[in-house]
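Presented sequentially are two complexes of chain A, the first with chain B as partner and the second with chain C.
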Partner chain A sequence: MTAASLVADLVAAFKAQGRIVIVGASLAGLRAAEALRDKGFTGSLTLIGKEVHEPYDRPPLSKQVLKGWVPADHTKLPRMRAVDADWRLGVAATGLDRANREVLLANGDKVPYDRLLIATGTRARPWFNAEEAKLEGLFTLRTSDDAAALQAALHADPGRVLIVGSGFIGSEMASVCCELGLPVTVAERGDAPLVGALGGVIGEIAAQMQRAAGVDLRTGVAVEALEGDAEGHVRRACLSDGTTLDVDVVVPSLGSIRNIEWLEGAQLATGFWGLACDAGCRAFDINGVVTDTIFVAGDVARAPHVLYEYEFLSLEHWDNAVSGAQVAANNMVSLETDRCPHLPLPSFWSAQFGVNIKGVGVCSFGDEIVFTQGSVEDRRFAAAYGHRGRIVGAVTFDHGKWLEYYGALIEQSAPFPPPPPGFDQPADTEPIPARFPDPRVPTALPDVVLTGHDPTSRGAEFRP
Partner chain B sequence: MRIVVDLNRCQGYAQCVPLAPDVLKMHGEEALAYDPNPDDSQRQRVLRAVASCPVQAILVEVDPPADRAVK
Partner chain C sequence: MTRAEIAWAEAMKYENRHDPYPFFDQLRETPVVRVSENTYVVTGYRELLALAHDPRISSDLSRSPIGGQGAEAEAQPGTADLDGYGHDASIIVSDPPDHDRGRRQLMRHFGPPHSPDVIPNMEPDIQRLCTELLDKVKAKAENRFDVVDEYAYPVPVAVICKILGVPPEDEPTFHAWIHDFMAGTDLGPDAATVEGQARARKRVDSTAALAQYMSDLINRYLKEPGEGLLSKLVNDSDGPDGAMSPKEAAANGILLLVAGHDSTVNTISNCVMTFLRNLGTLERLRDKPELIPRAIEEVQRLQSAVQFFPSYSATADIEIAGTVIPKGCAVHLMYSAANRDPARFTNPNQFDPERPDNEHFGWGSGIHVCIGGPLARLEVNIALENFLRRVENPLLVVDPPPYRQSQVFRGPAHLLIEFDRISG
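Moving on, here comes the complex of A and B:
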């Protein structure tokens, strides 16, 4: 018997009788479980989820759920096949014992594994003042329970709603408030909405959209304090420019925190931006050595990307959770020659103020932007981002059919400005500075971030 | 029943909307909004809408797997 056939026998035996534990029972966890069964894994499969709910979809929460059209518990994900798993829902993982290969649970149970998939995702960044965070009328939005509570508050005829932070989720919530006819203020520390993800040129357009819809948009200001009434309900917000606002609902929308605390002491490459892994979803340990048994997928993963100078890319995108789960599942049950890489072209969408904003690539990697199609005035256009003469990202407003064209150029590192597709060109096709904020200036964190070459990202921090 | 629309893939052709107007709606000119867990009475309409999508962006759970309810 050769060593190669011995390894092949081991992998075959693992596929038949091994134990796989998935921590995180949301989109990535569910799709990974399905993919493992698709790949012929017949051993035991355990899914551990902190929330009591079965896997549900999150993007509708900030849109049709808040609007009141769809109840918060009606976004359960379709199942693509039976997974025959042991579901441990409503119990958080609290520790990882790598020496004994056990996941420790909040109720004291220990769940043994042969291979582990970490898909614990992120949570909403809480309000920075813990006392003020207890006020009634203050909400964050990440889970379906969050959405149910906020939806109820928005439909209870509140006075002014204050949204702190104007990334994609904050802007979508402001849009819903406008549709519901609620007075809404958006306070943003940066110069414009969406500025961290799309830069100041697009941010200016987003600001015009918000103001045209009736949002009281205030940029360059921070919310420094919240005050409650005698019943402990939030009633007033104090802004850094000295003004105060009477408010009944406050929603901090300040980005997310990676759920990595339960891995404390496990000697894995965890940090501010999540758990680092290689392009095959295998987790790195704290020294940058790849592990054999621990895999990562979804929002909590960060992996080096060939298109972006091998910087670790952190992606809080829906399709990244799906494709990362599928690649991780494949690589968990495959021999070396059958492993595949996870090198997603980042793509996102956001519906707000009646406009469909879509993007591909990493726009914030660019320093220049050029409008390539359509009309900014009509809010129907495509724009491309460039870095050192190469196209690195693209964004469309109600022009999504063209995104594939730009995506293909980005995958080829094609020249910037890109060749126009020969249709509907704007008058001005000169590249201009994209005006991304200095990364040291605090603003809402974008949901796609290049996080450097350090696997542990220990130097990173959030500065409110 | 349960559906999820891959809104990266969706290009806003809106072919699905008239086929199941209580489940799939346009939000503006290009963005699709939908009810992810529509009532079973919508089943035939939703299946027609799924089939009509030029880019096959609507994922539907045709039959719930037997283990779906298992906790």
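Moving on, here comes the complex of A and C:
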């Protein structure tokens, strides 16, 4: 028997008899399960999900669901194929025993694995004051249950709605409130909405959009306290500028928390920004040694990226969950030479105030911005971000059809500013500072973050 | 002549219309290649994708050597006045911001969010038409019929007339004009022949007549608003972009009238032809009708009803895949050729209705992607469902069938089939 045939036999045997466990039954978990079956894995497959719901799509929750167009339980993800799996829904994973290769569940069960995929994602950052967090009328938005509750509250004819934080989700919620005709205040600690993800130049445009739509946008202020009535329903918010607001609904939208607590004691490279893995989705242990059996995908993953000077990138994007899951699945059932890298070009979209915002790359890696196409005044334009003379990101407002072009430039690390278009040139085509906030200034956490070069949690720093 | 120039000339010759693909394969040896002093042809998938999204590539015909401006156009017989689609620029030969504004004005009366029901509401009409047309074939009590004339053409032309508000009784008149317009637009060596020159002359008159017809129709709707998109286009000023000017509406009216049915005719015919060429396909699609939409996409990849649209030109020197396209040159994005790029599609010449990841260019790419795609898909689906269900044991009588003259809007002129009977 040759070495090559022995190895091939090993792979075939694993695909037939191996045991794979996926913790996290949302987008990444489902797509990984499908990809595993696509890759010929016929062994046992278990999906563990904390929520009782079948895998569902989250982007509509802050848009179509809140608006009332689609019920919260109607965003189930389409299935790409049948997946023969043991679904353990409604039971959280509470621990990982790496020595015995077992996942521990909240109900006391132990699920053995040969390969493990961690896709536990994130949860909404809760209100910082635990007492106030118990008030009726206070909501966060991450799950479909959250969306159902908030949707009901918004359609119960409330008085003022207060959104705390104006990242993409906060801004989308403010937009829905406007469409529903509700009075809405947005309180943002930074200078403008979207400032963490897109910088101050674009933030200013986003602020104009909010105000034009009737949002009471207050920047540079924090919400310091919430007060309830006798029934325990939130009625007042106290702002850091000394003003108070009468409110009936409060939605903190302050970014997310990685679900890594269940891995405590497992000696993996977990930290504030998630679980570090290599570009092939293999998890690092706490000393930066790559593991053989544990893989990571989706929002909880943090991996070095060639386009961004090999800094570890934390990415809460929909397509990152899909492509990460597919790469992880492939690499779980392949040996060295058949493994592939997960080097996504980040891409994102948002719908707010009648504008379709789409982008590629890591805009916050840039320090300059240039408007490349269209009209800022009409809020239909494309803009590119530059860092040391090369293009690193791009954002479009109602100009998404051009993203392909900018994506290709970013992948090639093409010079910044890019060459001028042959038509529809903006009034001003000079690069200007992009005005990203100082990382130490508190604002809602952006959903794309470069987190330094250290695979262990010790060196992970906040660097927008 | 260079090898690429020869291959391009062969691909454009009428005698090769039934199968230009071997010449596209030759051209693709250099994915972006010069085929004349001021014309470059793009046959690679990656390269086409990049250029279709490159804002240095213009669709404004007046900037292209193809556009009939000055002496350069004279040097390319038959290509002058390609914008016979209308005398004011229609959206397909315009750049942003005019293109974007025009497309928004059109979409307002054609699709979501403002008019989400226009296309779905056509379904009963399409069903009825397909039923009636097959009943008519059945009533002839013959065992053969021409899929193009008796089935593929009447459905889309009736549908687009209704959507636009073009009187259906005018169909024979504009049908002849559109035929001349298509046949007289020749980008290949046949344009220089006596027949080619005659076709080009005929084209000029017919194009003028078509433009006059559309402009009269628009003027009628201005005076007396009626049903349909054309009337709304010039009368509805409630939208954020206001009403469209009558001149622009006429240009776009011609675009929608022509493109709104012609390529759908080709797609239905191409589908029937491809299904009949590939044994077992009919049975497979009858067993699994849910495969029909994917089968249509696969035919669109293989046969691309619009092979390319020769409006593009470079506004700057553009370096791509080792070639520099000089500023001012025409750039033909060959959708049909890129759709068979073996670097993108495995076994590219093979018909596979279950082909995974079939992101082809059969509906174009970039901001000019087919505006009528959703309508065409509905029409083609219903037409094929009815055909598959009712026509028993169909066979191609002539293969390859005779083709229409146009290189751009490529499809069978006639598609004769034999069958046992029409059921139902």
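Note that in this section the second predicted complex is superposed on the first by the 447 of 464 C-alpha atoms of A that agree within 3 Å, B and C clash if a C-alpha of one lies under 4 Å from a C-alpha of the other, contacts with A are read in each partner's own complex, and residues count from 1 in each chain.
By definition in this document, a residue touches a chain if its C-beta (ideal position, glycine included) is under 8 Å from a C-beta of that chain, and two chains touch if they have at least 3 such contacts.
Source: prediction; values computed, not measured.
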On the A-aligned overlay, A:373 touches which partner chain: chain B = first, chain C = second, or both, or neither? second
Under the stated touch criterion, which partner chain does A:381 make contact with: chain B (first), chain C (second), both, or neither? neither
Given the touch rule stated above, what does A:416 touch, chain B (first), chain C (second), both, or neither? neither
Using the touch definition from the top, say if A:401 reaches chain B (first), chain C (second), both or neither. both
Comparing the two partners chain B and chain C, which touches a greater set of residues in chain A: B
Per the contact definition in the header, classify A:312: touching chain B only (first), chain C only (second), both, or neither. neither
Is A:79 touching the first partner chain B, the second partner chain C, both, or neither of them? first
Please work out whether A:295 is in contact with chain B alone, chain C alone, both, or neither, and reply first, second, both or neither. neither
Touch test for A:424: chain B only (first), chain C only (second), both, or neither? second
Identify the residues of chain A that lie in both the chain B contact region and the chain C contact region. 401
What residues on chain B touch chain A, complex-wise? 2-4, 6-8, 10-12, 27-31, 33-37, 59-61, 64-68, 70-71
What does chain A use to touch chain C in their complex? 372-375, 380, 401-405, 408, 419-424
Report the residues of chain A in contact with chain B in the complex, numbered from low to high. 54, 57, 59-60, 63-64, 69-70, 74-85, 87, 89, 318-319, 347-349, 351, 353-356, 358, 398-401
Residue ranges of chain C in contact with chain A within the complex: 49-50, 52-58, 60, 63, 95-97, 100, 314-316, 366-367, 369
